[in-house]
Amino acid sequence: MKDHYDIAIIGTGPAGMAAATVASAHGADVLIVDEQPEVGGQIYRGITHQSIKDKTILGDDYYKGQSLADAFAASNADHVSGATVWQVSPEREIGISKDGAAHLLTADQVIIATGAQERPFPIPGWTLPGVMTAGSAQILLKSSGITFSNAVFAGTGPLLYLIAYQYLKAGVPIRAILDTTPKSNRLKALPHLPGALYHLSSIMKGRKWIKALKSSGTLFIEGIDNLKITGKDSTEAIEYLLQNKWHRIEASNVFLHQGVVPNVNLAMASGCIHHWNEQKLCWHASTDEWGSSNVPGISIAGDGGGIGGAIAAEYQGRITAYQALYTTNKVKKQERDINVLPTQHALTHEMRIRPFLDVMFRPATQFRIPTDDATIVCRCEEVTAGKIRESISLGCAGPNQLKGFTRCGMGPCQGRFCSLSVSELIAKAQNVSVNELEQLRLRPPVKPLMLAELANLTILASEDT
Amino acid sequence: MHEIEMKPSPKVSIEFDGQTLQANEGETVAAALLRQTHLAFRTTPVTGKSRGPFCMMGVCFDCLVEIDGAPNKQACMTYVEDGMRVKRQLGAGDTGVFLSDEEDTQ
Amino acid sequence: MSTSKQTADAIIVGGGLHGCATALYLAMRGVNCAVLEKDYVGRHASGVNAGGVRRLGRALPEVPLADTALSIWRNIEDLIDDDCGFKSLGQVKVAENNAELSALKNRAKTVQDIGFLHEEIIDQKQLRELLPAVASHCIGGLYVNGDGHANPYRTVTAFKRKAISMGVRIFEQTPVNEIVRHGKNWLVKSPSRKIEAPIIVNCAGAWGGSIAAQLGDYAPVEAQALMLMITARMPHFVKPVVGSQGRTLSFKQFDNGTVMMGGAYQGSAEPEQNNTHLSFNGLAKNARAATAIFPIMRQATIVRSWAGIEGVMPDNIPVIGAGSADGVYHAFGFSAHGFALGPLVGKIITDLIDVGDIELPIDAFRIQRFSQNKDI
């Protein structure tokens, strides 16, 4: 690793790979960093040496990542893998840990491409061993060929149906699919259907998965109104509320999913302004059409700024890279425009399906804001919904004050799995929109940093006093 | 546990709470443990409840284990190595220092 | 928007610890108070400091105050119905070599010379009994039995709650735009309200200089952002708060097992934007100091670092006392060690207002000390 790069890219998912390939092809000195040992992010995880023999299990969309990864491998970007970026300062000082050593370096331009994470799913019992996310099921399948027989899949959203379908293709028995998609979403989504029809093949694909699952004899129950997972030290059963009656299914493994949301911690800690999107119920980075944030030199590409999916992420990677090249005088305006304009058109087209998906699979309130006071909201510090509501009534007006009262958000995940729920809880209690609340104040290190690594930090000569 | 047909991969041996188990080279500690149907990796420092991996991508911090004596390691972000000694992390973890017998009041 | 004028017996600018403590003590004496806080109570230094409650190592003028403050802390629950997480397991400053131990011995003597016996020298054996996990090369220390630490956010919030229960009006999100004289009163204007009172107390912390100026006083307070770090939970290994003679370090472990460390490592402050920035170079030095004194810390993971905005005076001791104009009082600029004094300073200001005089020596803290030097 050098002390300075023209362009530093955080994340080797589709946005990061596309950005790095473009940037280095135009002569920029590029650093690209990821925590994983190999490229692909989550969506293309394991793409460089996929060991599953039957390609129909993961499906065509997955293998699209191969050409992206190949082009990236052929580029001369400086790829640092297995490394954690714990800081990008507003002045673009980047803190990285690798192999037990921490380093500080700088870049003229930074592209944050940290991707998405699962939306929290705070229901009773969601912290029990044996409960994981649909994303986990995907990772276990893609990276290690591991599956769990007779698991229950619960929630809503295309990724839930996708992993269940992949299980079906792989011949893994599924105990049940409990679909929490609110029935009323269908009607609300209708006005957005024309836009979605530009992606008819994707819509048809989704319908194909669901049809295949239903006709395979898998128990597929729709209109689930509530859920709870039970067990003493491990998952034993999942109960669901359907038409005012509770039912129980025994299971040792439950996969939960209700959409993905941007992984915003690094960008927020860097000073990038984010706004709450009430339709999508998550934080969006405030960026312009080039992906540039309010912080000079820092741009955001891919799902990390707002969910758009793998192809949109690739386009955003290209756009932010060209803009970074232009800003650092590596390409002229005309060359930037020639390349970016068609990509922006393609991106607009790619995003046409989003309004439909956002409305169709918008999770119901009871799955985002727990009604049961005993439900854990902050997993790390085991803070319950009841404790949070009590603190609000004692005067906690925002998530930062809540931290002081309850330790909610002070654990190692730094609010990744609680701050959405907390923001909505506080907003609801105060009858305001989430945008009116103070945002959770995030600081580096955005991932925990070993003190020994920090003690051995390679100090930049210019700062040493 | 259902195994899908994979291209063969070299095996390594790791220890989990003293028990030897086989893992595939290049997989995460979390995957290796889940493969053996170990679903719980730790107990929480606040109430001592059992936890296991949740997100498998390094953002939930529920899969914390002790690896070769070092606590607070994310099993889903650590790759197996032959001879690795993994232990369930109980509470705040063990940093291996001899402490005085006196317990803090409350 | 019309802002009809409100009145009070006393207005306090700044809803941090000193502001809320002053409001509480005044309310206990029947004084009708209003506190104007530009953000929310505990938003800045008061809510995010290291929580040290000490007499150890204080500048000499502060020693009598710290001594009295400790006796308030021992009974803090009686005052504000919350024990604030106060733990008095001692504070110790560690010496790593003979030169450092000599310096500590001189310090102990200096404090004894002004009549206080709380700082005791301890030898290596005593140090090891007190700190079993301390590095083996440490040869002794300076120890104060009864010093300790408390939870700053919990403390300031408890003062706020108690003050409100005694009738204090606390207006948050209420920055002060302007203060003018209005007859015998001070008229304070903010975007959402106007309020006037014959007494005004400046507890505006890092922002205290501009408030002082409007009250006719000069105080060159600067905003500073000292950095702190906190770890994930660790098994319990240390009870007292630990500092170091030779290194900048302040170190404590809480009941929940997390370890907090800091010292005088500077980040940068932007008080007008409520922002602070961290310097990882500084934090790295802090990490080296901590791991040198406690090797066990090499296994620690830092979960968060931050820096609050503190008000610092050029001579590193606060401004406490009456201002030059009638009805004006100041308590700000605590230079990164105001937390322990908060519960006492509220009483000091209240006595000054109520009685006109107090027993404790506070002359060294007068705001006028800066005007006298202004032309130099």
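Letters A, B and C mark the chains as written, and numbering starts fresh at 1 in each.
By definition in this document, a residue touches a chain if its C-beta (ideal position, glycine included) is under 8 Å from a C-beta of that chain, and two chains touch if they have at least 3 such contacts.
Note that the structure is a prediction, hence the values are computed from the model and not measured.
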Exercise. Go ahead and name the chain pair joined by the largest number of contacting C-beta pairs.
Key: A-B
Practice problem: Just grab the chain with the largest centre-to-centre distance to chain B, centres being mean Cα coordinates. | Solution: C
Quiz item: If you average the CA atoms of chain A and of chain C, how far apart do the two points sit, in angstrom?
Solution: 41
Quiz item: Distance from the CA centroid of chain B to that of chain C, rounded to the nearest Å?
Solution: 42
Self-check item: Centroid spacing, where centroids are CA-atom means, of chain A and chain B in whole angstrom
Solution: 24
Quiz item: Which chain B residues reach two or more other chains?
Solution: 46, 72
Quiz item: Which chain C residues reach two or more other chains?
Solution: 232, 256, 299-301
Quiz item: Tell me, which residues of chain A touch at least two other chains?
Solution: 411-412, 448
Practice problem: Write out the stretch or stretches of chain B touching chain C in their complex. | Solution: 45-46, 70-72, 91-100, 103-104, 106
Practice problem: Provide the residue numbers of chain A that touch chain B in the complex, in ascending order. | Solution: 35, 37, 42, 49, 51-54, 57, 117-118, 127-133, 135-136, 139-141, 143-149, 170-173, 233-235, 252-253, 263, 379-382, 411-413, 416-417, 447-448
Quiz item: Which of the residues in chain C come into contact with chain A in the complex?
Solution: 40, 42, 47, 153-154, 157, 161, 230-232, 256, 277-281, 283-284, 287-288, 290-291, 297-306
Exercise. Please give the residue numbers of chain B that touch chain A in the complex, ascending.
Key: 1-7, 9, 24, 26-28, 31, 34-35, 39-41, 44, 46-47, 49-62, 64, 72, 76-77, 79
Exercise. Can you check the complex and tell me which residues of chain A touch chain C?
Key: 87, 89-90, 93, 95, 102, 104, 395, 397-398, 401, 404-405, 407, 410-412, 414, 441, 443-445, 448-452, 454-457, 459-460, 463-464
